[in-house]
Amino acid sequence: MGRNRWEGVRDGVAIVAIFTSMVMVALALVIPELGQRWLPWLYLLDLLCWADLVYRALRARQGGYLESMQGSKLALLLATAPWELLFVTTPMIEGALPWLWALRLFRLFQINVLLLRLQLLGLQRSGSIHLFRLLINIALISHLLACSWLLLGYLAEDSSWLAKTELLDAESQRQYIRALYWTITTMTTVGYGDITPAHDVEFLFSAGVMLVGASFYAYVIGNVALLVGQLNASRNQYYQQAQQVSEYLYEQQAPPALIQRIKAYYFHRWRRYNSVSRASWLDDLPHSLAVEVKTFLARRLIEQVPLFQQASEPLREQLLDALELEYVAPQCQVAREGEYNEQLSFILEGSMRVVQGGETLAMFGPGDEYGLHSMTSGERRTAGLVTDSYCELMHLSQTDYDRIQQHYPEIKTLLEQALSDNLAELDRLNQQGARL
Amino acid sequence: MGRNRWEGVRDGVAIVAIFTSMVMVALALVIPELGQRWLPWLYLLDLLCWADLVYRALRARQGGYLESMQGSKLALLLATAPWELLFVTTPMIEGALPWLWALRLFRLFQINVLLLRLQLLGLQRSGSIHLFRLLINIALISHLLACSWLLLGYLAEDSSWLAKTELLDAESQRQYIRALYWTITTMTTVGYGDITPAHDVEFLFSAGVMLVGASFYAYVIGNVALLVGQLNASRNQYYQQAQQVSEYLYEQQAPPALIQRIKAYYFHRWRRYNSVSRASWLDDLPHSLAVEVKTFLARRLIEQVPLFQQASEPLREQLLDALELEYVAPQCQVAREGEYNEQLSFILEGSMRVVQGGETLAMFGPGDEYGLHSMTSGERRTAGLVTDSYCELMHLSQTDYDRIQQHYPEIKTLLEQALSDNLAELDRLNQQGARL
Amino acid sequence: MGRNRWEGVRDGVAIVAIFTSMVMVALALVIPELGQRWLPWLYLLDLLCWADLVYRALRARQGGYLESMQGSKLALLLATAPWELLFVTTPMIEGALPWLWALRLFRLFQINVLLLRLQLLGLQRSGSIHLFRLLINIALISHLLACSWLLLGYLAEDSSWLAKTELLDAESQRQYIRALYWTITTMTTVGYGDITPAHDVEFLFSAGVMLVGASFYAYVIGNVALLVGQLNASRNQYYQQAQQVSEYLYEQQAPPALIQRIKAYYFHRWRRYNSVSRASWLDDLPHSLAVEVKTFLARRLIEQVPLFQQASEPLREQLLDALELEYVAPQCQVAREGEYNEQLSFILEGSMRVVQGGETLAMFGPGDEYGLHSMTSGERRTAGLVTDSYCELMHLSQTDYDRIQQHYPEIKTLLEQALSDNLAELDRLNQQGARL
Amino acid sequence: MGRNRWEGVRDGVAIVAIFTSMVMVALALVIPELGQRWLPWLYLLDLLCWADLVYRALRARQGGYLESMQGSKLALLLATAPWELLFVTTPMIEGALPWLWALRLFRLFQINVLLLRLQLLGLQRSGSIHLFRLLINIALISHLLACSWLLLGYLAEDSSWLAKTELLDAESQRQYIRALYWTITTMTTVGYGDITPAHDVEFLFSAGVMLVGASFYAYVIGNVALLVGQLNASRNQYYQQAQQVSEYLYEQQAPPALIQRIKAYYFHRWRRYNSVSRASWLDDLPHSLAVEVKTFLARRLIEQVPLFQQASEPLREQLLDALELEYVAPQCQVAREGEYNEQLSFILEGSMRVVQGGETLAMFGPGDEYGLHSMTSGERRTAGLVTDSYCELMHLSQTDYDRIQQHYPEIKTLLEQALSDNLAELDRLNQQGARL
C-alpha cells in the first residue's frame, strides 16, 4: 500500500505541474510581459513534466500499463520536446520560438493519459475521477479559447471586440477576465450578447467556439447521463426491482403486510450485498482465484464449523464450490414439518427457532447446521425452523453431497466425528422425535 | 399502515420546515431587516429541524435505515449546531454570527437525506419523488445564487449590476425578483442579456453561475433521461417486443390476422402482468418468501381445486413450486386430438371448449383441470381444447408429478378422491371416447 | 383491415379537431373579437370532441382498451363538459364564462390519450408516432404560453413588454407572432433578448417559462435519446457485435479474409432476420400461438418436404418444436467426410455441393434433406457438403428424433415411404459409398 | 484488400463531390453572380454524382448492398435528374430553372446513404464515422439555413435584418459570414441577440430555425450520449465489473492484496480479450464458421501439441468444440495435491511450476499438457501446479473426453503415441510419485 500512496503523490504532482504549465504557457503566449517574468517557473514546470514522462517510459519497458493507453505518442512528443535547445541563443517568447512553445499545449493529452490511468487502476471511485477529468478538460479548453479570443482582440485592435466594449486600454487582467467570461458565456450556450464579435475573423471564431462549445456540452451531457446511470446503478437496480414487484403485487391486491415485507427484504439485501449477485461474478473469475475469494467470504463458516476446519484443502474447495448462499427475511419458515428434505444447511448469520406443533424447542444461531438427519435418512422432517431475524444461510444439496462423498468418503466420518454443540443438540432433538 | 402514515406526516413537516428555514436564512443574510423581523420564526424552524435530527439519530441506534445513507455527517453537524449559544449576548445577524448562520444552508444535505429516504422506502412511485427531489434542489440552489447575486449588487454599489439596471434604489422585493430572474435566465442557459455583470467580481461570479448552471442542467438532463427510460420501462419493453415481432412477421409476409393476434396478445399480457415476468423475480426471493407469494398468487386455485385444499402444507408447497403459468390468447388450440400429453393442467381464468372432430362436447372454466387421463395412461388424446377467451393456465409436468408422487404418494389418492365436478365430467367424456 | 382503416380515419379527425379547438380557444380567450367571430366553428369542433368521447366510452364498456389508459378522468371531464349550458342566456366570451372555456385547454390530455392509443395499438412504427406526440405537445404548449404572454402584455398596458417593444398599437396578428417568437426563443433557451419582460409579473412569468421550457427541453432530449437508441436498436445491435468481433480478431491478427467473411455473414443475417433472434421470442409466446407462427415460418418446408405434408398435425407440431434453424455463409463445410453425425438436416434456402475427396458428386437445394443414413446407421459420413451461397438450414437432432419416434412411430415409415427426389438421390449416393 | 481500398477512394471522391456540389448550389441560388461563374464546375460535380449513382445501381443489380438502405429513392431521383435538359435553351439560374436546381439539395440523402454504407461495411471504427456523419449533416444544414436567411434579407430589403444591422450594402462575403454566424448562434441556442429578425416573416423563420436547431441539438445529444456509451462500452464494462467487485470485497473487509490481485486480473484480461467473451459470440456463429475461427484461435495449440497435428479433421473439430478457455492470474494454484481431477489441460501461454510438498519439481510452459494420468486413472493428484505469470489454459473435461473417445477411439492411441517432451516429463514425474 505504501507503494500505492507514493504513486498517488507522484501522479498528483505531475497533474498539477502539467495543468499549471499549460495555463501559464497560454497566457504567456498572448501577453509577452508575463512570458518574460514567468520564464524560470515555466522551465521548472517543464522539468517536472519531462521527469514524469521519463519515469513512465522506463516503467512501460518493465511491462507497466502505460504504453497501451497512450494512443497519441506523436502529440506527447510534440508537447514535450525541448524546442528551445534549437534556439538556445535567442531570448524566448520572441520571434519563431513562441509558436513552438504553443506545442506544449498538446500536453492536454498527457494530462488525460494520467487521469485515465488513475481512473482505471486507482482504488478510488471511478465516477468522481471521471467527473474530475471532465472538469480539468473544461477548465483547460475554456482557458485556451479565452486566450485565443484575447489574441484576436489584440490583433484587430480598433475594429476588435475589445474596442467595441471599450476595453482596449484596460489592464490585461481585466481583459483576460472579460475574455474568459465571454468564452464561458458562449460555451455554456448562455449567450448574453454583451460581448459580441466585431470583425469578420471574430465572427467566424465565435461560430467555431459555439460549435465546439455545443459539441463539448453534448459530450458532457452524454458523460453525465452515463455517470448518473452508473453511480446509482446498484441502487437503481435494487429500487426498480423492489418497485416493480410491489406494484405488481399491489395490482394483484396482495395484503400490504406482504408487500412491506418484500420491500424490506429487498432493502436489507441491497444494503448487505450491494446488489452484487455473488454467483455471477465468481463464475467469471478463473477457478483458482474464485476459490480464494470463496475461502475468504466463507471465513466465518470455516472458523465456526468443525467440518470445514478439519477437511483437507481439496475437500474444502469442493464444499465451497458446492455451497449455495441464501439470504432470508425474518419470520420465514425455512424448514417445514412433514417436508421431505434434500439439503444440508449451515447458518452464517442470524438466529432461528426450532418449532414442533407450534412449540419452540430450541434456538439456532451462527455456526449451527441442520438437515443432516432428514437428508441422510430420506425421511420427512418432524420439526420446522422459523427465522427470528435476517439470516444468511448456506446450503449443500444432496446431489452435491453424494458426488463429493464418492471421491472424498472422509466427509461422512468428518461430519459424524466433528460433532459441534449444535450437532449434539440436533441428535438430542432427533431422539425426542424432532427430526430436522 | 397507521405507523406509515404518521411517518409520512412527520417527514412532510420536516421537509417543509427545512425548506422554509433555508429560504428565510438566505434572505435574512442578504437583507438584515428581514433577519431582525423573522428572528422568532427562524428559531422555531430550527427547533423543528433539530427535533427531526434527534428523532432520526435515536431511530438509527435502534437499527433504523438512516445511518447508511447520510454520507456527510460533518455537513449535517455544521448545518444544525446551535452556533448562537456561543454568542448568546450579541444580537443576531450582526458581526460574525451571520456567517455562522450561513452554515445552516448545509441543510441542503438534510433535506436530500429525507427525500432519498422517502424515495427508497415509500410506497409511492419512485419517479415522482425523484423529480420532486430535483425540483427542491433547483429551487434552493436558484434561491441561494439569487441571494448571492443580490449581495454582490449591494456590495459593489455604484459599479454594480443594480446600478447598471437602475435598480439601486428600488424596493428590495423588486431587487430580489430581478436577481432571481437573472439566476434562472443564466442557469437555464437562456441568457437574455438584459441584466449583465458590471464589475470584475460580478463577471467571475456570472461565469461561475453559468458553469454551475450548465453542469446542473446536464445533471438534470441525465436524470430526466434516466427517468424517461425507467417510468415507461415496462411499457417500452412490452411495446418494443410487440413491435419487433410484428415488423419481423410483416417482412416475412405473414397474414395480417396473425400479426394482429400476436400484437393483441402482447397488449393483453402487458395489461394483465405489467411485463413482470413472474418466474424471474420469484427465483430471486428466498425460497420461503417465494412460497408465501406463490400461495397468495395461486389463492384462487387453492380455493377452487379440492386437490390443493386437502393437500398437506409441504405437498402444496411442492405443487406450487412445480406449477408453471401460461397466459393463452383466444382461439388457441391448447390441446390437440391425437397428441401425446405430458402435463396436467388447471384453468385459473377464462373458458375453453372441448372439441372432437369439429364438434363441441363441453365447456371448461375457472377451477377445471384436464390432462390427467392422457398423462397417466400414456395414451394419445382423443379430444382437443380450444380457448374462447384469454385464459390463465397452470401446468404440472409429468416429470414433476412423478417426482412429487415419489415422496408424497398421497397425491394420487387426493387427485382421485377429491373429484371435482370437472373431474366427473372428464370421466364421463373419457368413457365416451374423448380422452383429454 | 377495413375496420382498422376506419378507426385510423376517426382517430385522425378527432386529433385534428381537438388540436384546432385548443388553438382557437386559447386565441379567443386573449383576443375577444376572434372569439365572437369563431363561435359557430368552436361549437362544431366541440361536437366532434364530444362525439369522440362518447364513442370511446361506449367501446370501453364493451371491453375496449381505453379505460386503462386514461389516468385522469377528472381532467377529461373538466375539459369536455358543456359549461355554456349553465350560462345559456349570456353571450359567450364575456363575464365568467371565458374562464370556464379555458378548462377546454385540459383537452391536452384527451389528445395525448388518443396519440398514446395510436402508438400502442397501431401497425405504424412506434418511433415516428412518439415523435409526433412530442411535436403536438410542443406546439400546443408554445401556443398556450404565447397566448398567456400576450394576455400579460394587454393587462399591464403601458408598463408591459408590448409597450417596451412599441407593439402596443400593432395589429393583433403581429403581436401574436411576436409573443410566439418570444415563447420559442425562451423555451429553446436561445434567448436573444430583443423582447424582455418589463413588469414584475412579467419577470416572474418569464422565469417560469424558462423553467418550464428547460424542463420540457430536458424531457425532449431524454425522449429523443431513448428513441435514437430504440430506432436503431436492431442495427446498432448487429453493428456493435460485428464490430467487436472483427476488432477482436484483428487484434489477434486473424487473416483479413476471415474477418471479411464474418462481417459479411453478420450483415446478411441482419438483413435476413432483422436481429430478431427467433428462438427467444417464440419461447415467450404461449405454446399454441408459437405453433401457429412456426407453422407459418416453416411453410416452405411443409410444402416441399413430403414428410411434413403427410404427417398428422400433432406429429408436425412435435417436429416444428424440435427443429433448429441455422443460417450458414457460403463456402462453409456443413458436413465433413469422416465425421460422426447426430442430426437430420433440411435445406430451406440456398444450394450446396456434395463432395467426396475433392470431387463434386451432386448439388442439393431447397427442399432437400441429408444426414438420415449416417444418423440412423451410426456410421461416419463418407462424403461432405460445402455451401455455395447463404443457406437456411433446419436441423433435427438424433435425441429429438428418438424421442418423437417413441410416441409417433409412424415417423420412420413416413420418412421411408415419402421418398423425395432428393432421398432417392441420397440412396444412390449411399450405394456408391458416399454416405451423408 | 486492393478492391477495398479502391472502393474507399471512390466513396471518398463521391462524398466530397456531393458535399461541394450542395454548398455551391445553395450559394449560387442566393447570389446569382456566383451561379453564373461556377456553372462549369457545377456540371462537373453533377457528372461525378451521376457516375456514383449509376455505378451503385449497377452493383445493386448484382446483389450489392445498397438497395436495402436507400429508403427514399424518390428523393434521390429528384436530386439527381438532369432537369436542365428540359430547359436546354434557357440560361441557368434564371427563371424557373433555379428552383429545379434547388432539388439538388435533396442530395443530403445521397450523402447519408454513402456514409451509412461506410459505417456498416467499413473496417474502420463505427463511432468516428457516426460522428463524421453528424458533422457533415450539421455543416450542410447550417449552410442551407444560412443561405435561406440571407435570401430573406435580400427579399425584404429595407425592413430586413440586413438593413437593421447596416449590412445591406456590404460585400456578399461579409453578408454570408453574418448569416452563417446567425444560424450557428441560433442553432446552438447561444442566442447573442446582436442579429435579430426585423420582419414578420423573419420572426417566423427564426422561430422555425430555433425549433429545428433545438430538435437537431437534442438529436445530436442523443447520438453523442449513445456513442459515449458505445465507444467506451468494452472499457466501461470491464471497469464497472472490477469496481463493483472490489467495492463489495472492500465492504466485506477483504485483505487489500486480494482486492489488488482481482483488479489487476480484470485489467489484464480486458487488455488481452477486450471484454469479448469468446464463448458467447462463437455460439452465435453457424457451426462451420465457428470451427474455422476456433481453428485459427487455437493455431498455436495445433502447432505445438502433436495430438492436434496428427488428429483427423473431424476429430480435431470435436476437440476444438469441447475445449474450454481459462485465463489465470499469477500465483494461482491451478492444480492441488490430493485433488480428484476431471479434466485434461493444455497450456497456451505463460509458465507454471510443478510443486509437491512445497518443493518445485519442474516448470511447464506453452504447449505442455497435464492432468492425463489423474484423469484416466481416477486417482487423486499427488502434485500441484502454481502459475508464475498470466496463463492461458484450455481444458477438456472427462465427460467430453469419454464422449469423443466413443466415436473416435483413435484419440487414446494418439495421446499415447504422440508423446511430446512434456508427456515424457509427466511420465517421469508420475513414476516418481508426482501424479498430475
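Read from first to last, the chains carry the letters A, B, C and D; within each, the first residue is number 1.
Following the convention adopted for this analysis, a contact is a pair of C-beta atoms (placed from the backbone, for glycine too) under 8 Å apart; a residue touches a chain by one contact, two chains touch by 3 or more.
Every value quoted in this text rests on a predicted model; they were computed, and no experiment measured them.
Colleague: So which chain is the furthest away from chain B, centre to centre on CA atoms?
Modeller: Of all chains, D has its centre farthest from that of chain B.
Colleague: When chain C touches chain D, do the two copies use mostly the same residue numbers, with over half shared, or different ones?
Modeller: different
Colleague: Among the chain pairs B-D, A-C or A-D, which one reproduces the interface of B-C, with more than half of its contact pairs identical by residue number?
Modeller: A-D
Colleague: What angle, rounded to the nearest 5°, describes the rotation that places the Cα atoms of chain A on chain D?
Modeller: 90
Colleague: If you average the CA atoms of chain A and of chain B, how many Å lie between those two points?
Modeller: The answer is 25 Å.
Colleague: Report the inter-centroid distance (CA atoms only) between chain A and chain C in whole Å.
Modeller: That pair's centroid distance is 36 Å.
Colleague: Which residues of chain C are in contact with two or more other chains?
Modeller: Residues 189-193, 221, 225-226.
Colleague: In the complex, go through chain B and note every residue touching chain D.
Modeller: 189-193, 221, 225
Colleague: Across the complex, what residues on chain C touch chain B?
Modeller: Of all residues in chain C, those touching chain B are 1, 65, 68, 119-121, 123, 125-126, 186, 189-193, 196-197, 200, 203-204, 206-207, 210-211, 213-215, 218-219, 221-223, 225-226, 230, 233-234, 273-274, 276, 281, 284-289, 291-293, 296-297, 312-314, 317, 407-408.
Colleague: Which residues of chain C touch chain D in their complex?
Modeller: 138, 174, 177-178, 180-181, 184-185, 188-194, 217, 220-221, 224-229, 235-236, 239-241, 243-252, 254-256, 258-259, 261-263, 265, 267, 271, 326-329, 332-334, 336-340, 380, 387
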